[in-house]
Amino acid sequence: QSSIIVFAVVDNSVSGYRNQAKGPLGTSVTTSQTALTSSALTPSRFGFRGREDLGGGLGASFWLEAGVNTNDGTGAGPDGLVQFNRRSTVSIDDGDLGELRLGRDYTPTYWNDSLFDPFGVNGVGTSLIATASGQAPPGSFKSGWSNAQYSRASNSIGYHLPELGGFYGQVMYAFNEKITYDPGGTTPPGVAAIAANPALAATPDNARAGRYVGARGGYRSGPVDVALSYGESTVGSNYYVGSTTTIKIWNVAGSYNFGIAKVLGEYSNNKMDTSLATNAFNPFGVTRPEFDGILIGVVAPLGQGDLRASYSAVRYKHVNMNTFGLNPDPKADKFAIGYVYNFSKRTAVYATFAYLSNKDGAGLTIGGPNYYTQAIAGVAPVPDKSYGYDLGLRLSF
Amino acid sequence: QSSIIVFAVVDNSVSGYRNQAKGPLGTSVTTSQTALTSSALTPSRFGFRGREDLGGGLGASFWLEAGVNTNDGTGAGPDGLVQFNRRSTVSIDDGDLGELRLGRDYTPTYWNDSLFDPFGVNGVGTSLIATASGQAPPGSFKSGWSNAQYSRASNSIGYHLPELGGFYGQVMYAFNEKITYDPGGTTPPGVAAIAANPALAATPDNARAGRYVGARGGYRSGPVDVALSYGESTVGSNYYVGSTTTIKIWNVAGSYNFGIAKVLGEYSNNKMDTSLATNAFNPFGVTRPEFDGILIGVVAPLGQGDLRASYSAVRYKHVNMNTFGLNPDPKADKFAIGYVYNFSKRTAVYATFAYLSNKDGAGLTIGGPNYYTQAIAGVAPVPDKSYGYDLGLRLSF
Amino acid sequence: QSSIIVFAVVDNSVSGYRNQAKGPLGTSVTTSQTALTSSALTPSRFGFRGREDLGGGLGASFWLEAGVNTNDGTGAGPDGLVQFNRRSTVSIDDGDLGELRLGRDYTPTYWNDSLFDPFGVNGVGTSLIATASGQAPPGSFKSGWSNAQYSRASNSIGYHLPELGGFYGQVMYAFNEKITYDPGGTTPPGVAAIAANPALAATPDNARAGRYVGARGGYRSGPVDVALSYGESTVGSNYYVGSTTTIKIWNVAGSYNFGIAKVLGEYSNNKMDTSLATNAFNPFGVTRPEFDGILIGVVAPLGQGDLRASYSAVRYKHVNMNTFGLNPDPKADKFAIGYVYNFSKRTAVYATFAYLSNKDGAGLTIGGPNYYTQAIAGVAPVPDKSYGYDLGLRLSF
């Protein structure tokens, strides 16, 4: 009676983290944790999907997918909520015209970070590009920034090209659903209120936040796969100041399968651009932080599984006032190596180990507890090294 | 192994709203929004249901149905929670005796509003009767009031008649699950506490809120379908004052299918009745607000779809002190028109447009942002007109 | 395409509770409630599970199970959240080696309380051992204490023996996922902060809370089934004081099926042990409260159903300073009787009645509202008797 497909992934692992900060006088302060985590190989989830064939190459489909923290049964949405946060879409597709998709979906710019990372941006092996891009909610521009539309955007319209002899592509627009006031002076807090209390003008309304616009195009044939993407996420705004803060991402990635191993690579540039931020008082552009990220990875079949390894790095720019080279911008490097043993297509066990090194004030971690940065004898420890491992079992249905 | 039916609806649309208030000196202030919304044709959901045939006409069944905001993947429960808020019931049914149903279910009084509205109380076309009845949580008696048991009631026992030659009917009782204190003087805050601080007596305990009792009966045969329902929702109470606030709804609705079109109509009366509210100081009964609502609609097959249109109106009573006709009671009128194109039984695209006009202080909207009512030059703008559209795609599995 | 099994239970009942406290001068104060409740025979839920046969006796499986309050459609997780709070696991199993299971699962110590209670610790018939063990979050050691890992533990690793000729067994370890600080003096609030404000040292960090370690072993053959279990739950800790609060449970239970009836019995000891709590100022050990619990039950086939009855009791120790027998420790006794009529394996109706009597300050209830304990004429009423019934319908798919 029902042709709905029910699907689920449960992936739990024993994971350990050790985050080391440099304290005063050559000491170090470490925070460490051993935990049962989920989603270190493949994100745990359940969902429903279905497609109706409407004839003549036309079809319609839906996809509802909810993330689950299967280590404790809570949802992967905010505050432990089970929500269809991974994907919630309805589509109409045509073999010749492509697919129109409405709802919450992955952003085009995310795919290069995800698909060309040997670890698929999961677990301790996650590429530094994704870590710094701020998949996690809070963050400074030194430790990954906040970008709610980094991996997915709600309220989106997407268009996907049909199969075009190896070429593929997609565009996405997500509504910020801002409320427009006419006359504009009634936009809260309103000109009258601001005249009475000028400080109110500085309060961001963030009405334009939530907007995303981006595109991705690529070519896939035989051993080769390359793709380019660009996207802009609006993350903050202020009507009266007239400012808009946008995170702009462009990246290019590719892979080549040599048979004995697939080699992957990516370059990504992420920039946080606040309009009106550049002026006479901001000659070095320090309020337009950005970073370049690179990844080089390899996936090599080995026995009944895959050996995976990657080197990823980020180099921040315009974060510090690097006067005469005395205060260089932060940077970080990461190595990850792991092995996945496949009992079958569905069932796998895996082990991953990763090491991360911060320099010049970067504060990225592999996971686990925050670096200890409370002042000791008046000196705040500085984030230094991060170690982590995952040892897990995954079932995918 | 499992005979559970899994079902889902995903319905997303691009929707726009424009709500216009009359400002001072002939000006107007509008708030407008373009958004990706869900559930504008059919409420987005997922669920599980099953029925066991126990033989001899006897059966048992269950139904769990959760609303989903498929534009962003959050749940349609309070605070974005995915909950089985649409229906959560277990039943035992018999061909001769009817069905006994326990749990959270639709109220009898809701069915006439829903089934005889060409738009099924979904999207911008929703009948004004439903809007004013306060499907949405907060509200004043001018802009729809709050009635948590308007469409559904938790903790209910329902009885549905078996098939009786065209006649159908149901009754429902929902427990408020109030705590009874014996002796009554211990009911919080308690007589001793009130003696010390008489103001405490005025604090409503709302212990009797949540109760619903109602019934519906109708007749359906060939082209005709008519039904009558009555119900009472307790929405507030105070043990020491002895007051109970009840929303009483009665409505009658019918449809006749002429073949080229089905014509639908409804009359509904909604009254908010607070016991003890009528006294010497309340000669005009202004604390017993009520409204009459009417709907006239049409659904006409056209091509591979349906043209749908409706006119609905509400007329408030006992809201203003209408002394010598100087301060008439609020009223509102709404027109909606739309077309649904059915690719198949499951897949449809649709477009709906609606226009709403408030008079004499009514503040109903089609959706989207609130009217702007902050004072401008000392004069608060008055809600006036509301416009809205939906343009969407729905899949039902 | 999917071999996932979807399963669900919906169990709703009309239930009543009457909780009577002894007031001053021979009076009594009762709180009572009639409600629609869920899960009184079998906990309402939905879930997904699947197993892949990997050949050679090897297999892998997952299990996601969420509790639902089917009376109102909310989730059975905290704050009405739908979460996979009942079970969320991934396993690898082998016919010879047993099963390794990761995630959120039942604790070994819970099984004896649950499996040897004629009412399966559901509804008003629930064994007093489970009530006092603090299945519900808050509680004092007189009315059941708080033990978040009583029935289930998150972040756990479990091992289950394979089938061994009637012998069965399991062990479980659950991570507290505490953050370790090195040097230890940096553990919040930190030695420097404590030196400045010594009161901070007393603030519990509870970093070690959440840990569970336990085991269970038993033998089942023909009419006989006996099992023994022991487990420790860490429920609180303080790094600077050096204290750890652990609830230690050991129990032994058995059943014998005489054919005309199955007789069940259990003895359980629950102890709340705070390290550092015994010292010269605590000669009577009053801060190491414990209780002994016993259960005797019977399940007798009768017609197309089962008659179920139980007597359960708890005797607290080290709660009061029982000097010369003047202030004896609290105790409580409970009787429950019920009948389940099975229409089929899936569909059942049931009725249960229970009576509970508290003595010497115990404050356990069968359910429903709290005892009234606000002072009347300067004297706080004392919890006395509790009565309750369930009358329900259950479907299990």
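Going in written order, the chains are labelled A, B and C, and every chain counts its residues from 1.
Keep in mind that, in the parts below, contacts are C-beta pairs under 8 Å (C-beta built on N, C-alpha and C of every residue); 3 or more make two chains touch, one makes a residue touch a chain.
Predicted, not measured: the structure shown is a model, and the values here were computed from it.
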Among line, ring, star, complete and other, the chain touch graph is complete
Here chain A maps onto chain B under a C-alpha rotation whose angle in degrees, rounded to the nearest 5, is 120
Between the Cα centroids of chain A and chain C the separation in whole angstrom comes to 40
Residue numbers in chain C touching two or more further chains are 6, 75, 81-82
Listed in rising order, chain C residues that touch chain A in their complex are 1-4, 6, 48, 50, 52, 54, 58, 60-64, 66, 75, 77, 81-92, 100, 102-104, 154-157, 174-175, 177-183, 186, 190, 192
Seen from chain B, its contact residues with chain A in the complex are 5-8, 10-14, 29-36, 38, 46, 68, 70-75, 80-82, 343-344, 346-347, 349, 368-369, 372, 374, 376, 392-395, 397
